[in-house]
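You will see two complexes here that share subunit A, one where it goes with subunit B and one where it goes with subunit C.
Now for the complex of A and B:
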């Protein structure tokens, strides 16, 4: 536990509160000190911890891959290049098997999503108290280190993908073709309102399911780690070790699912049906 | 759990990261992979070619060896034949030479014999005449008895 004076529910809510900087209606721009202040701030606030870790991990991804790309050789690859190439080939195979058209954006997009989300998920494996404790030593009260447990982060990724779905749908089929697809099926033109409703729900479900699936999985996983951390310290390993091992699978799987579904949705945007 | 400006910040970061990845990372790495693939394909092709070349070379070598063996056998055969021929010729030559030498020797012997005979014959005549003179105690008119002496000499 972070501190002996906290109750369990305080401990949990402390761990689930973002470090938020925003415009409080009465107190002006400041770092929120309570959950109440955060909700008072509304939209004009930014989760500094999520943003910071997301940028750090995204930069780590770009730094690692560009370092290899700069020194890449077509000869015998070294250890790191070998590993990076394995990732690239993994993504390339998956994208090629789903997405048949020629497009320079989809594969790098899939790579970025996969590695970035994976790195953000991996933060979940760092023991829940380490970084919050260190930051509390530095005077920072809240520190939530897993960006994918913040709905803002996953929703932003999903909205980015959604924008691309709309863009490619309209680019491939034209605005009329896209509207026709939304309104003239599955029941023909006489049931147009019903079709439109059905297809719009289907369309909107794509980004929302993307965002919520990733968020839900990571949030639940994080929550379980926090609950395990409430147990007496000598018995925590009994649960935390198996859960961490299992979580390795989940963080990979969620990154992979997000990436594959992105590619699938974009492939559907390309195809006429 | 509040939706706030983080969503915009993350969206901007997302766009920037994807663009950087698309521009500087993905094409470079994919190009490297394609290049290596091509290299490997070329290598395999080259090794295939080399294998075929080796097979061909082995075949030619085998053929050469076979023909050389045949040729060698032929040459040995010819040499044996020639050797026999030379021996035969030598034998024949030796034979004829020997014969010739024998003939010559015989002729010489005959000649010598004849010469000896001639010499004897002359001396016999003289000796006979001397003997007869001694017996008769008188000289014999050589002209007179020449005929008799010659006759005697030829009878010898």
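Now for the complex of A and C:
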């Protein structure tokens, strides 16, 4: 990456390629070296860089919060405990205003989704070349550090939420009640296939829109950082500071929206029409 | 010829997404300002709801932007 001169489109596609490990039909189990090898590996190839960074950030979240929880004092809190309490109160207020039923899973779920997605999005603020340069010194040539720019990660989160939506819908309304709600609205029982089609589209739109919204925002943000990195060196601060400031807002907003929509969809799973 | 068509496709997606997002958020922002002018004490509440609505309105245009950038840089 630092040795030979690349064209700008090579630079861009280098920064957009994940570190993929899979079973290539001719070359066996290996880390892919070109984009063609990645597509040859097919579906069962894993993006090692996204998995690594999402696990690192998830463990950081768990370690930090559990450490503060264990040392929590009822007296005057220190700085870190104050900050963590602020985060938890924020999540609590938002969940309470949306979710009116009793469920012990929702608030921790909302906290996990918000903090984890926020941490993963924040990796986008690190200058584009720093970590890939360090990793190329170690021999690893592709390293995308923002897990949420990988559609696999956002779809995994959204499918987890979708599984919870289905679970709670069926638990609250029974399987017949759930199917009845899907097929008897909005037009009554004589339009059953039509109702089912509309309701299924609406149901599937929830996780797909969750995943693609987060992916689209983060991918576009990362793309603009990469394009700014291609500009001449004297314009770097001029261009990247406004974009990074705007991106800080987007990071927080997208994590917040993912969390709020998760809680709203789960609240809808409890409501009877 | 194929790369040219791919670039045009990417540009069309991005342009239409931009129009949709701009008009939608413009109308939403106008309503927010009207509500804020009527009842300034509700501004924090309205602001939260505005951002939530903005995230939802921006979703499909953002999806379009993501797909269009992918087409322009990773496919073409």
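One rule holds in what follows: the second predicted complex is superposed on the first by the 269 of 273 C-alpha atoms of A that agree within 3 Å, B and C clash if a C-alpha of one lies under 4 Å from a C-alpha of the other, contacts with A are read in each partner's own complex, and residues count from 1 in each chain.
Keep in mind that, in the parts below, a contact is a pair of C-beta atoms (placed from the backbone, for glycine too) under 8 Å apart; a residue touches a chain by one contact, two chains touch by 3 or more.
Remember, predicted model here, so these are calculated numbers, not experimental data.
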### Query
Will subunit C clash with subunit B on subunit A after the two structures are superposed, or do they fit?
fit
### Message
Taking the superposition on A as described, I'd like to know which of subunit B and subunit C A:213 touches: first, second, both or neither.
### Response
second
### Query
First (subunit B), second (subunit C), both or neither: which does A:119 touch?
neither
### Query
Thinking of the overlay built on chain A, is A:88 touched by subunit B (first), by subunit C (second), by both, or by neither?
first
### Which of subunit B and subunit C A:13 touches, first, second, both or neither
second
### Query
Taking the superposition as given, does A:251 touch the first partner, subunit B, the second, subunit C, both, or neither?
neither
### Query
Hey, is it subunit B or subunit C that touches more of subunit A?
B
### Query
Who does A:128 touch here: subunit B (first), subunit C (second), both, or neither?
neither
### Task
Please indicate which partner A:223 is in contact with in the superposed arrangement: first for subunit B, second for subunit C, both, or neither.
second
### Message
On the combined arrangement from the superposition, state the nearest Cα-Cα distance between subunit B and subunit C in Å.
### Response
8
### Summary
Check: subunit A residues flagged as touching subunit B and also subunit C none
### For the subunit A and subunit C complex, residues of the former touching the latter
9, 12-13, 16, 35, 209, 212-213, 215-217, 219-220, 223, 253-254, 256-257, 260-261
### Query
Contact residues on subunit C for subunit A in the complex?
51-52, 54-56, 58-60, 62-67, 69-70, 73-74
### Message
Applying the document's contact rule, which stretches of subunit A touch subunit B when the two form their complex?
### Response
18, 20, 22, 38-39, 41-47, 50-51, 54-55, 58, 61-62, 65-66, 68-70, 72-75, 77, 84-85, 88-89, 92, 104-105, 107-109, 111-112, 116, 147, 150-153, 155-157, 159-160
### Message
With touch defined as at the start, can you tell me which subunit B residues reach subunit A in the complex?
### Response
1-11, 13-15, 17-18, 20-22, 24-30, 32-33, 35-36, 39
